[in-house]
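The next part holds the structures, each set out as structure tokens.
Look at the two complexes coming up: chain A is in both, with chain B in one and chain C in the other.
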Partner chain A sequence: MDSIWIIVVGGLVALNCSLVGNLLILRKSVMIGDALSHAVLPGMVMGYFYFGDTNLIGVLGGAALAGLVLVLSIEWLKKSPLLKEDSAIGLIYTVLFSIGVILVSVFASQVHLDQEHVLYGEIAYVPLDRWFMNGTDMGPRSFWLGLGLLAILILVLRFSFKGFNLTSFDPDFAASKGVRIKVWNYFLMILVTAVVVVSFENVGAVLVVAFLVAPGASALLISHRMKSIYTLSSAFALIIAIGGFFLADFTSTSISGSMAFFSGILFIFVWLIRKRVRA
Partner chain B sequence: MNSALDIENLSVSYGKKIALENISLSIPAGQITGIIGPNGSGKSTLIKSAMNLIPANSGNVRMLGSELDKVRKRVSYVPQRESVDWDYPVSVFDVILMGRYRPGRLFLPLSAEDRKIAEESLERVQLTEYRNTQIGQLSGGQQQRVFIGRALAQRAELYLMDEPFAGVDAATEKAILDLMFDMKSQGQSIVLIHHDLVSVRDNFDHLVILKNKLIASGPTSEVFTTKNLIASYGGSMRIMQELDV
Partner chain C sequence: MNDFLQFFSFSDPNVRLVVLGTALIGACSGSIGTFMVLTRKSLLGDVVSHSILPGICVAFILYPVRSGIHLFIGAMVAGLLSGIAADYFSRKSVLRPDALFALVLSVFFGLGVMLITYIQQNYGAGQAGLDAILFGKAAAINQDDLTYITVVAAVIFACLILFFRSFRMITFNAGFAQSIGVRVRIYNGILSSLTVMAVAIGIQAVGVVLMAALLIAPSIVSKALSNRLWLILLISAFVGGLSGLLGSFVSYTLPAMPTGPWIVICLSLMVFAVLPFRRKFGNS
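Take a look at the complex of A and B:
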């Protein structure tokens, strides 16, 4: 039973990541996703510290605040002719992440995060952290969190499909129509922040990037339509969770690590069969 | 005469580099206007800052007699073809449909009327057979027609086009020109950035010549002169003799 919970939660993490990851890939903003996944740490630790481990709103709020600091300071630094965007990203997110790492060690006794947890996550503990409602055991907390987020994402992306497509494909044209492209960008950053925070405990700050990129990048290899990219990347996300789990089980190694590694294998596999699929 | 575009004292700079210096001009409605000038003379900057896509240091722009925000629905902007990623996973029809998107209604589905207009625009740019093709599979000329089809779907009155003839073959150029004459006959105004001096006189009613400053703006017959072209392009323009202006 525990194994099934781990696969299901891994699948939810990968699904949620791939849904927002597709948009990051198409907007060429994957590095912002990477930066966000690290930069939210100080906000999360402060959230844990002030509002407690179980108060998700506090943690999300802190993370969103840290994410906002990241995005705004990148935009501010980018204006300088001396600094390009990638340098600005690299500079700021590492500073924010390091503040987070220091905070984790300062609050180590009060907060249920430790440094290893932050980097790699620990999906193997998923079945232990359960959610009780009126004393009834409802199952792992991560499962309900991931499922709730998935429902929200599907709903949000369903209604914002046109907006994201327009502002990603041709931002100048969108702006010429009076569409607020910055607002859409912040909107996506909020979604990515929510996904990163919820996925953090399970797969950590480093591996979450694999889940953001690999399903969508693999889907883009063999599909030319937005809707089928969503479908394909979702299928790939599930394959990564299942394949990664059994890889870890077989080799007795880290589960989240194996899932991220398996995402690379999947990409190579799709790359190799791509010509046949297209033909 | 009504004007399509009025610009007063427009100045734009990128850092310390001045792209446009104190431009004032008026472009008549219902005509085809060409904007010419060498590379880096501020042609794209003029259109983009008029559309408020890049900030101006100073200046005032009016389109169709009003501020841009009041007439956005009546103005269509066609970006340079190279400005987007043609590998983006959308079909020809998807892109043309974007002409029907409206800022306040992005979360709502498009109407049957919107789809009908997009289908008609697809037909007008002769891409019906490529309706479901991914845009990266098209030739340069076809891609340019996708952009023009998207603009047609906006049903605007003023069209600002950034190099609609760049990288297109002769047949497509002819097709696009015919379309523009057709649009003009329906009372629409077209302003486009152009590179090929040879075809200027036959096709443009009005001409704007730029070299970061305004060299000339007026009826083509009056301003398309050797003096103005040398002022813009410099003495190196051998083509001047061939053009016999």
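Take a look at the complex of A and C:
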């Protein structure tokens, strides 16, 4: 039963990440997703510290705040002639992540995070952290969080499909039509932050990136239509979660690590067959 | 305060060792990173530094000693492989470099994490000394490490001096360089290999996760102060070295703390200190 919960939660994390990851790929801002996945750490640690492990709002709020700090300071630093976007991203996310790691070492006794945990999470513990409602066992907390987020994402993307398409593929045209590109951009950043925060606990900072980029990148190799990219990448996300779990089971290694590695195997596989398939 | 005096009098030979090592590491990454920042490839350094994790793990599994030249070779191989993979796929596919960077980074790192858990199970949790690779542990530098760090640093500086003109040309005007017969691809290859070398020694001090900062930040500081490339390189090397020194001081006084984050904090403070300034030196 535990294995099933791990696969289900891994699948949810992968699905959520791939949904926003597709948009990041199209907007050439995947590295911002990478930066966000590291930068939320100090916010989360402060959230844990002030509001306690069980208070979700505190943790999510802290993380969202740190994400906001990242996005705004990248915008601000880019204005300096000294930094281009890439160096601004590389600088700010390492600073925020460093603060986070230092906080983790300082509060090590009060916070249930440790230095490795923040990098590659511990999805194997997912079944242990259960959610009780009126004393009834409802299953792992991460499952309900992931499911809730998935519902929200599907709803949001359903209604903003056109806007995101327009601002992703032809931002100049969109701007000329009076679409407010910046607003859409911030909106996407909020979605990414939400996804990153919820996924962070399960798979850690670096492996969130795998889930953000791998399904969409693999889908883009064989498809050029937005709707089929969404379908394909969702399917790939699930394949990665399942394949990664069994790879970890087989080699008895870290589950999130092997999910990330499996996403590479999947990408290579799609790469090899890309000329025979068109979706 | 006592710690401070004891450290900065450099009377302890161990302190001298660590300081020399981290300063060399910082100087190498600072100067090499300058080219990455100028060519807007600074995130490639991030990719390479995350990607060397599996290389180090494989080297450790083949020859289970925690420090030494074999770890460096493993790191080099994995770093070069990741760079080649990112380059190959971004030339051959519709995907943009940023997506492929993120993909290569996380896949390699994922493999590294798998191997780390394998090592922890098979060689005992004590060998989790490999943890130091994630966030750096400057104080762990020993005599053997210092030897190869010095050799690598010498190679890097020698190449920087020898190929300075070619590197400058391919950085600022690759098209022109190509047109007058400079072999751009070869020099790019050399530059990338030097980057991988700098990263491979740098993980001792900052760890794989935060290496990007040591590549990026020094050159931002020096770009604020000068606009002559040779001066920028010198200042970057100095800033990198200085941050290494501060980092090793932290590692010396607080042994339980990972060094990397503190080096990054030092660097970022320097960056924020110089941001308001603009090119006071050089002929601007």
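Everything that follows uses one rule, which is that the second predicted complex is superposed on the first by the 277 of 279 C-alpha atoms of A that agree within 3 Å, B and C clash if a C-alpha of one lies under 4 Å from a C-alpha of the other, contacts with A are read in each partner's own complex, and residues count from 1 in each chain.
Here is the rule we use: a contact is a pair of C-beta atoms (placed from the backbone, for glycine too) under 8 Å apart; a residue touches a chain by one contact, two chains touch by 3 or more.
Since the model is a prediction, treat every value here as computed from it, not as a measurement.
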When chain B and chain C are modelled together on chain A, clash or fit: fit
Once both complexes are placed on the shared chain, angle at chain A toward chain B and chain C, C-alpha, multiple of 10 degrees: 90
Which superposed partner A:5 touches (first chain B, second chain C, both, neither): neither
In the superposition, chain B vs chain C on chain A residues touched: C
First, second, both or neither for A:31, with chain B first and chain C second: second
Touching partner for A:230 - first (chain B), second (chain C), both, neither: neither
Contacts of A:256 with chain B and chain C, given as first, second, both or neither: second
Partner chain in contact with A:169 - chain B first, chain C second, else both or neither: first
Touching partner for A:87 - first (chain B), second (chain C), both, neither: second
Which superposed partner A:245 touches (first chain B, second chain C, both, neither): neither
Which of chain B and chain C A:177 touches, first, second, both or neither: first
Partner chain in contact with A:210 - chain B first, chain C second, else both or neither: second
Minimum C-alpha spacing, chains overlaid - chain B and chain C, in Å: 7
Contacts on chain A seen with chain B and repeated with chain C across the two complexes: 28, 81, 220
In the complex, chain C residues that touch chain A: 37, 40-43, 45-46, 50, 89, 93-96, 98-103, 105-118, 121, 131, 134-135, 209-210, 212-213, 215-217, 219-220, 223-224, 256-258, 260-262, 264-265, 268, 271, 275, 278
Parts of chain A lying in touch with chain C, wherever the complex brings them together: 25, 28-31, 33-34, 38, 80-84, 86-87, 89-91, 94-95, 97-99, 101-102, 105, 115-116, 119-120, 206-207, 209-210, 212-214, 216-217, 220-221, 248, 251-254, 256-264, 267, 271
List of chain B residues in touch with chain A within their complex: 15, 48, 51-53, 69, 72, 75-77, 79, 83-85, 88-91, 94-95, 98, 101-103, 106-107, 110, 134, 136, 150
Parts of chain A lying in touch with chain B, wherever the complex brings them together: 26, 28, 81, 159-160, 162-163, 165-166, 168-170, 172-173, 175-180, 220, 223-226, 229
